[in-house]
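Would you mind keeping the following structure in view while I ask a few things?
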Amino acid sequence: MTGERVQMGIMGLDKMLSGGLIQGSISVLIGTYGTGKTTFALQFLWQGLQSGENVIYISLEEREERIYLYMKQKGWDVEKYRNKALTVLRLDPSDFNISISSIKNELPLLTRQLKATRVVIDPISLFEDLFDSDAVRRQEMFRLIDRFRSEQCTILLTSETDRNNPYASRHSLIEYLADTVILLRYVRPSDLSDVHLALEVVKMRMSPHSREIKPYEIMTDQVHVYTEANVF
Amino acid sequence: MTGERVQMGIMGLDKMLSGGLIQGSISVLIGTYGTGKTTFALQFLWQGLQSGENVIYISLEEREERIYLYMKQKGWDVEKYRNKALTVLRLDPSDFNISISSIKNELPLLTRQLKATRVVIDPISLFEDLFDSDAVRRQEMFRLIDRFRSEQCTILLTSETDRNNPYASRHSLIEYLADTVILLRYVRPSDLSDVHLALEVVKMRMSPHSREIKPYEIMTDQVHVYTEANVF
Amino acid sequence: MTGERVQMGIMGLDKMLSGGLIQGSISVLIGTYGTGKTTFALQFLWQGLQSGENVIYISLEEREERIYLYMKQKGWDVEKYRNKALTVLRLDPSDFNISISSIKNELPLLTRQLKATRVVIDPISLFEDLFDSDAVRRQEMFRLIDRFRSEQCTILLTSETDRNNPYASRHSLIEYLADTVILLRYVRPSDLSDVHLALEVVKMRMSPHSREIKPYEIMTDQVHVYTEANVF
Amino acid sequence: MTGERVQMGIMGLDKMLSGGLIQGSISVLIGTYGTGKTTFALQFLWQGLQSGENVIYISLEEREERIYLYMKQKGWDVEKYRNKALTVLRLDPSDFNISISSIKNELPLLTRQLKATRVVIDPISLFEDLFDSDAVRRQEMFRLIDRFRSEQCTILLTSETDRNNPYASRHSLIEYLADTVILLRYVRPSDLSDVHLALEVVKMRMSPHSREIKPYEIMTDQVHVYTEANVF
Amino acid sequence: MTGERVQMGIMGLDKMLSGGLIQGSISVLIGTYGTGKTTFALQFLWQGLQSGENVIYISLEEREERIYLYMKQKGWDVEKYRNKALTVLRLDPSDFNISISSIKNELPLLTRQLKATRVVIDPISLFEDLFDSDAVRRQEMFRLIDRFRSEQCTILLTSETDRNNPYASRHSLIEYLADTVILLRYVRPSDLSDVHLALEVVKMRMSPHSREIKPYEIMTDQVHVYTEANVF
Amino acid sequence: MTGERVQMGIMGLDKMLSGGLIQGSISVLIGTYGTGKTTFALQFLWQGLQSGENVIYISLEEREERIYLYMKQKGWDVEKYRNKALTVLRLDPSDFNISISSIKNELPLLTRQLKATRVVIDPISLFEDLFDSDAVRRQEMFRLIDRFRSEQCTILLTSETDRNNPYASRHSLIEYLADTVILLRYVRPSDLSDVHLALEVVKMRMSPHSREIKPYEIMTDQVHVYTEANVF
């Protein structure tokens, strides 16, 4: 980690991160369904593609075609990057289980071979689900992250929220391991008029960052973070 | 998914969905008992029948006759569609269990054979109950959905709410897998005068949608969503 | 279910139900201790007796004599109906367990033989307690209800409330299976002056119904629902 | 149960109970530590002794001498009743376990032999603790109560409160089985000036009763329920 | 228990206890970490030493030297009492487990031999942890207390608070067994300016007591309870 | 513990601690992800290095290089202390498990050999995770702490917060064992404008300390505690 910044390509958010994610760091987006985790992650990769970088999207759930569809639907011309600068890879978590140790070696290798500088794993919580005990999960997750960290690329993970605590991920683990934690959540005002989306940067190792809670909206082609506005 | 819209036939709701459900998408209605999940689902099928489409209702609980009764009771002339454009099928979840793999093949096949463009599974939570572990459930549910998604039809699932969290389904799973999530719930004002029904579109992949929370009522013959009103 | 109404004999409540329970439907009263579940159920049977109907009270807890005592204590002349139009039957849940399959056949048979048009099972939650897993309970409960439903009579069940959720029954199940759900509960005002009893009709399949929350009182001889008043 | 009233000897409370407990009924006092459950129970027996009745105190925890000490400390001349009109009996729950079936026979027998018209079991929750499953506990508790109920005496039980719900007993069971439920609890005002004791009659089978919540105090020699005052 | 008072040596608290703990009674201090449980307990023993009594401190956690250090640090001249009027004894709960029955005999014996009139066990919750089931724990705890109670000395226990309920001890047990319960806790005002320590006497068998909630502070040499002030 | 103070080097905090941590004491920092636990711990060691002391950082998660990176990134010239006055040691908790008893001996030995006067274990919660039962964990943790305490050095532990209780550590244990507890947490105002970091000293054995709740900020090179300001 050299301290250099990697822009996510989401205007207000890059500003809240004091310029972007730190190169070589590992970050996690935590949010419930419908908060736009995948949209944020795709924007992060698209920004890399625009800057001539090689990027990898590892999907633990959706098939490759769906991922391409999501990007096209945003009006992005992904075809020219497909299987060149852009690699989309679907891992079935059940096969993942069998090949768990080889993947810990192969994925970092792949990243090196493809000279990828941005990698997304969406959602990491499906990988975490594979472990039976909290202790084994923590150890394996730490090793995976440790292995990835030796690469020269910036990694963005997504995670579902804990069922009962909007500030914790599904296993209350990845937020402790990651360098940066961005929290996405719903806020329902007491008059129940509508639902707001709100974002905060909860943690960012080795960097100052904004502690503000900011509203955002998911548009057809991009995410808008309203850094000049307040949630209420 | 071509982005084309499939109207649910529920006026205000179609507007909140920017025109209707996306053709080929998979949606879920989450609500507690008495919020009208089955009524919404039947309306969605009826709208298809009116437009000359073939539709399937897969009931995991109620017997076929009861489903026809519900529709007749709304003043709909269902007999002329029965076993033609309208197929009602009851699956006993216990037999379901035995034939789980064949169903994953047969139901999609049936959908193709019947040229169905709208399918309802009511409630999907009974299917989810069959799996012992969260990991297996997630995998099997994802595969089922993946299998269905290859068909050219729009799918609407219903799910009971989690006992302790009005924003989560019974297993906190289907809302992550589905493309669209519509939440139905009760709101009791602090003066305890009466109970309101409120609806929100929490998630809609690949489409902008309303973030408003709107009151609705279940009438004898249809559902009214009051998009011009507020819950309180 | 023909849509015909069966009066419960509780003035305000019948009005909230748009005339009464639907003939042939299955309803449940959910409430904690002291909310008068048994009183409501007895009133429902008494109303039937007054109209010349045959009725059955299946007690899963109290002995037959106690049930007669409750009715007499209300000033009702039950002796002339005893073992004629009125059958009170105590089932010991432990024997119930052994004879579970025969009962599923015998009770519906008995209902037919006695030409009963109103049946109470008080409390159904004791029957639900017999099953080890949620999945088996749901299946068995659905079958029991399905079996009963083929009869021409209106059924009223009672259930205790979930320990932590005043809107759910003990097993969070029967409210999904029943056609009608009536919720009984306590409301304690913030100044702690006294305890109010409040009632709402949460669900009613195939019928419009009131969504109001209404105060009620249990008098020596009957239940009064104050439809003109508010809880606070 | 003839409907005749048995005074507890606690002025305001007897009034809230429309004259006292119903003769032959089974009642329970539910409260956390320090709410005076034992004091209420002893007062109930002392009132019986004063009226020339025979009474039994079954202690599941405290030794006999401690019970006598409590009564003497209130300034009551218990020695003249000791082992005559007043029987204090300590049951060790562990022996209880062994002799569980004999006790179900012997205690009712003892009650008859001693011509006792008032019996206290303090606390019944220790007896409930003996059973492994909720189903067995319910059955055994119902039978015990059923056995006692055949006697001509009025029974008062005490129970500890559920750890997380001030309106439920430790096992959420006895309040459903008992005819009368009196709830004792603490109320802490928001300014944290002091702790109030508050009492309510939540349930009373076959009798109207007050629904008011009333403050009370435990004095050296008796309990005062302030029926003219409010908690706040 | 003769009703005679044993001063704790904490001014305001003795007043709230109507003069002090009752001689021969068993009391418990319940509080989370940092509320000063050990400080209260040591003050109670020091008060006894000052009055010429023999006292025992049984530590289930800290080594003997640490206990002496705590006392010296308060400016108390403990050396002159060491191993004479003051006995400090560390029991390792794991050995405790092995020797559980002998200790139940030896500790009461020791108390008699040393003619101790004040005994502290700090914290009793570590002893409670040794038992696997709630039922066994209750029985064993009751017997231990029963055994101690036959001695002529006043006993003060300390217990950690339940993780989720500030009014309950770790096992929700000792507060039911003890004669006196003193609750220590934190109160954080809504403006989050600082943390207050607040104390209340929740239970006191055979004695009237204050029901007020009072602020206190832990000073270097003693505890101050501000009986003239309010928490807010 | 001589009562001498060891400055943490965090201005406001040392003042709240009446001068600093007590020499020879064991302290714990409890906080969720992103509250700066590691930053506080490193500052504590850096302060020691500046004063010519020998210090040890035991990392249960991060690799040695990362720890050095964190320090360099603060602008500290750590290289001149590396492997001289500053020892950074990574323990893999899984090996830790195997060598658990040897470590209990070796770490204290190492501390003596290196003449270290400040030791950090970050995070201690990973060590606590190794034990299966609460009872064993408590015993082992107590022994570890006991062993360390015999050394002449001041120890600072870090611990993650309990998922559901911001005032408890992950296992609700270390806060009872440690001499000093410093709580770090987030406070989100009701208008959701931004997130505040707040700090309080909850417990400090053998010393008066501030009970104030104070805001703090994590800057690039140090932590600022605003002792003159309030959280809101």
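The first chain written gets the first letter, and so on, giving A, B, C, D, E and F; residue counts start at 1 in each chain.
As a working rule, a contact is a pair of C-beta atoms (placed from the backbone, for glycine too) under 8 Å apart; a residue touches a chain by one contact, two chains touch by 3 or more.
The shown structure was predicted, so the numbers you read here are calculated from the model rather than taken from an experiment.
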**OP:** Mind listing the chains that sit against chain C and also against chain F?
**Re:** none
Original post:
From chain B, which chain is the farthest off, judged by mean CA positions?
Top reply: E
Original post:
So which chain is the furthest away from chain C, centre to centre on CA atoms?
Top reply: F
**OP:** Give a one-word verdict, same or different, on whether chain A and chain B use largely identical residue numbers at their interface, taking over half shared as same.
**Re:** different
Original post:
Using the average of all C-alpha atoms in each chain as its centre, how far is it in Å between chain B and chain F?
Top reply: 52
Original post:
When the centre of a chain is set as the mean of its C-alpha atoms, what distance in Å lies between chain D and chain E?
Top reply: 30
Original post:
Using the touch rule from the top of the page, what residues of chain C touch 2 or more other chains?
Top reply: 164
Original post:
Looking at which chains touch, is this a line, ring, star, complete or other?
Top reply: ring
Original post:
Can you name the chains in ring order, beginning at chain C and moving first to chain D?
Top reply: C, D, E, F, A, B
Original post:
For chain D, which residues count as touching chain E in their complex?
Top reply: 32-34, 61, 63, 69-70, 73, 93-94, 126, 129-130, 160, 163-164, 186, 188, 191-197, 218-220
Original post:
In their complex, what parts of chain C are in touch with chain B?
Top reply: 1, 3, 134-135, 138-139, 142, 146, 162, 164-165, 167-168, 172, 175-177, 181, 187, 198, 200, 202-208, 210-213, 230-232
